[in-house]
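Across the two complexes that follow, chain A remains constant while its partner is chain B and subsequently chain C.
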Partner chain A sequence: MRGKYTSSKSGLFLIELIISIAFFAVSSAICVQLFAQAHTLSSKSGDINMAVTSAQSAAEYFKASAASLSLEELAALMDATSSGDSILVYYGENWERLPAPDSARFTMTMTLDMKDALAVADIRIDDSQGGVPLYQLTAKKYIA
Partner chain B sequence: MSGKHHTGINVGGSSILVIFVLLCLTTFATLSMVSANADYKLTQKTVLAATSYYNADAAAEAILAQIDSVLLEGAKSGENYLPTVEAGLRQIEGVDYRQDGTGSPVVSYLVPLNDFQSLSVELALSPSPATGNGKRFSITQWKVLNTAPLVMGDEGIEGLWTGEIISG
Partner chain C sequence: MNKSLADGSHMIDILFTLALFCVFAASSLMVVLIGAHVYQSTVESQEQNFVTCTSVSYVTSKIRQHDASGAVYMDTLDGVDALVLEQYELGRTFQTWIYHHDGALRELMTESGNAGSVHPDAGQSIVEVEEFSISAVNANLLRLSARNDAGKSVEIMVSLRT
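Right, the complex of A and B next:
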């Protein structure tokens, strides 16, 4: 009689354990998904913040530079690379400056143009892991 | 006596443990999601602020170009310089021409940034015709101003310190 009682109790415990584990598995999967989403959103926010800061910095370089400064001179001032009518700046995974595009994750492209006595700088920051540009900014400067 | 010696199996213990762990997990997951969401919203505001500032700055540069073209035109009129410049500047929308206390010509204009801020630009013009760069005008002000109307409450302007000393 006593053995039967013990075995039924073990069975009950086993069933409870199975249900608990199943419930835990499902719920923790949802929670881990939430954690992952929060992490992705947080890194996206960080990247956009850094992109805005870098674009503003480049825009201020452009606005503060003398009108007589050539594209190559402005690129040298920004410690960047010039290519055609653009200035390129490469950043790594953690927004550290890189000298070459080989292992770059983010690329800032600043294209200079002239429109009706206004010098225009189109600044775009691309993420190699995402299709759309991270941030875009247009700065203008009047050349007297 | 024999009833007191259990095999160590407690029915319900594991459920309580799982419920506790899941409560903790759910709380932390929700908190991290709320925090990440707040960060993202702040980032969106930063993006909007930076973009609207540079848009307003570009618009202010375009107005500056228009003003300078009026000054160049005015320089051709010789002795009639200031009246010609004044008439030309009145044609540009949003541009205010006046003379300061010393009688020097001053031009100012506002470019809206958003609903409560504007970029305020003020230029000191040369009182005599000049054609050289940097001689026709000088920028005396290029700053963001708060243009939101002050909300008047029962005790004056809302949000202002009334001068009352708050002691801890």
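Right, the complex of A and C next:
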């Protein structure tokens, strides 16, 4: 009678422990998922920060350039490459400048357009690991 | 014989329960450690962004605020490269000196002509940053760059409108 009682007590404790572990497993799975999301959000926010800074710098180059400055000259001032009517700047994983698109994660494309006396620069930063542009900015200036 | 079998079974029950408890404890410790690591990396990343971006944004705003003809230029304060922002108030010209000295971005305001008598230590510390440099790319374009102690750097260009 006593042995049966001890065994039943031990079994109950085991069931209790198993239920606790199951509950813990579910909670920890949710927590780990949240941690992963927090990490992704944090790195994305850092990338957006850097994208804004880079796009602002490109806009400042555009605003500071003389009206007569050609696309190639502006690209040279920015230490970037020009292709058609666009200027391209390549960045690596940690936002370090890269000379070529190979192994580039982020690409900044600056497209220049003239509308009468208004010069318009569309600046877009793309992440090769994401479908949508990371950041977009339009800068305008009047050319006398 | 039966007693010893019963004792053995009882021992296994206890051992199994103990082992299960150890797994539970190890797993909970692991989750806490992962959480702490994620939290630490998030805080570090935010701190890095704060130090570099705040210093650069602050100087950019100051330049915009003082952007008048000839009011923004580079000079040295007791051998330290500095950005000088001039403003004319009540018939007197005041200069705001922004420079990096002793591990911090500093700002010092003096009346024009008095800068020779002040030491860079006298400046008000704005933000602690490992490295901060201001250089002129050409007559109307300035390059600001900041680097924190983790080695992360931010560079931004500022064009002068005047």
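FYI, the second predicted complex is superposed on the first by the 137 of 144 C-alpha atoms of A that agree within 3 Å, B and C clash if a C-alpha of one lies under 4 Å from a C-alpha of the other, contacts with A are read in each partner's own complex, and residues count from 1 in each chain.
Here, contacts are C-beta pairs under 8 Å (C-beta built on N, C-alpha and C of every residue); 3 or more make two chains touch, one makes a residue touch a chain.
Everything quoted here is computed from the prediction, not taken from an experiment.
> Could you say whether A:Ile48 touches chain B, chain C, both of them, or neither, answering first, second, both or neither?
A:Ile48 sits against chain B, while chain C stays out of touch.
> Please indicate which partner A:Phe106 is in contact with in the superposed arrangement: first for chain B, second for chain C, both, or neither.
In the superposition, A:Phe106 touches no partner, neither chain B nor chain C.
> One more residue to check, A:Lys140. First (chain B), second (chain C), both or neither?
In the superposed model, A:Lys140 contacts chain B only, not chain C.
> Would you sort A:His39 into first (chain B), second (chain C), both or neither based on which partner it touches?
both
> Which one hits more chain A residues, chain B or chain C?
Of chain B and chain C, B contacts more residues of chain A.
> Looking at the overlay, what does A:Leu118 touch: chain B (first), chain C (second), both, or neither?
Touch partner of A:Leu118: chain B, not chain C.
> Where does A:Tyr91 make contact in the superposed view: on chain B (first), on chain C (second), on both, or on neither?
Neither: A:Tyr91 stays clear of chain B and chain C.
> For A:Tyr61, select first, second, both or neither according to whether it touches chain B, chain C, the two together, or no partner.
second
> Do any residues of chain A touch both chain B and chain C, and if so, which are they?
The overlap between the chain B and chain C interfaces on chain A comprises residues 6, 10, 13, 17, 20-21, 24, 28, 31-32, 35, 38-39, 42, 45, 49, 56, 63.
> Which residues, counting only chain A, touch chain C once they are in their complex?
Its residues touching chain C are 3, 6-7, 10, 13-14, 17-18, 20-21, 24-25, 28, 31-32, 35-36, 38-39, 42-43, 45-46, 49-50, 53, 56-57, 60-61, 63-64, 77.
> Which of the residues in chain C come into contact with chain A in the complex?
6, 10, 13-14, 16-17, 20-21, 23-24, 27-28, 31, 34-35, 38-39, 41-42, 45-46, 48-49, 53, 56, 137-138, 140-141, 154-161
> Residues of chain B touching chain A in their complex?
Interface residues on chain B, with respect to chain A: 7, 9-12, 14-15, 17-18, 21-22, 25-26, 28-30, 32-33, 35-37, 39-40, 42-43, 46-47, 50-51, 54-55, 57-58, 61-62, 64-65, 68-69, 133-134, 136.
> Once bound in the complex, which stretches of chain A touch chain B?
6, 9-10, 12-13, 16-17, 19-21, 23-24, 27-28, 31-32, 34-35, 37-39, 41-42, 44-45, 48-49, 52, 55-56, 59, 63, 116-118, 135, 137-142, 144
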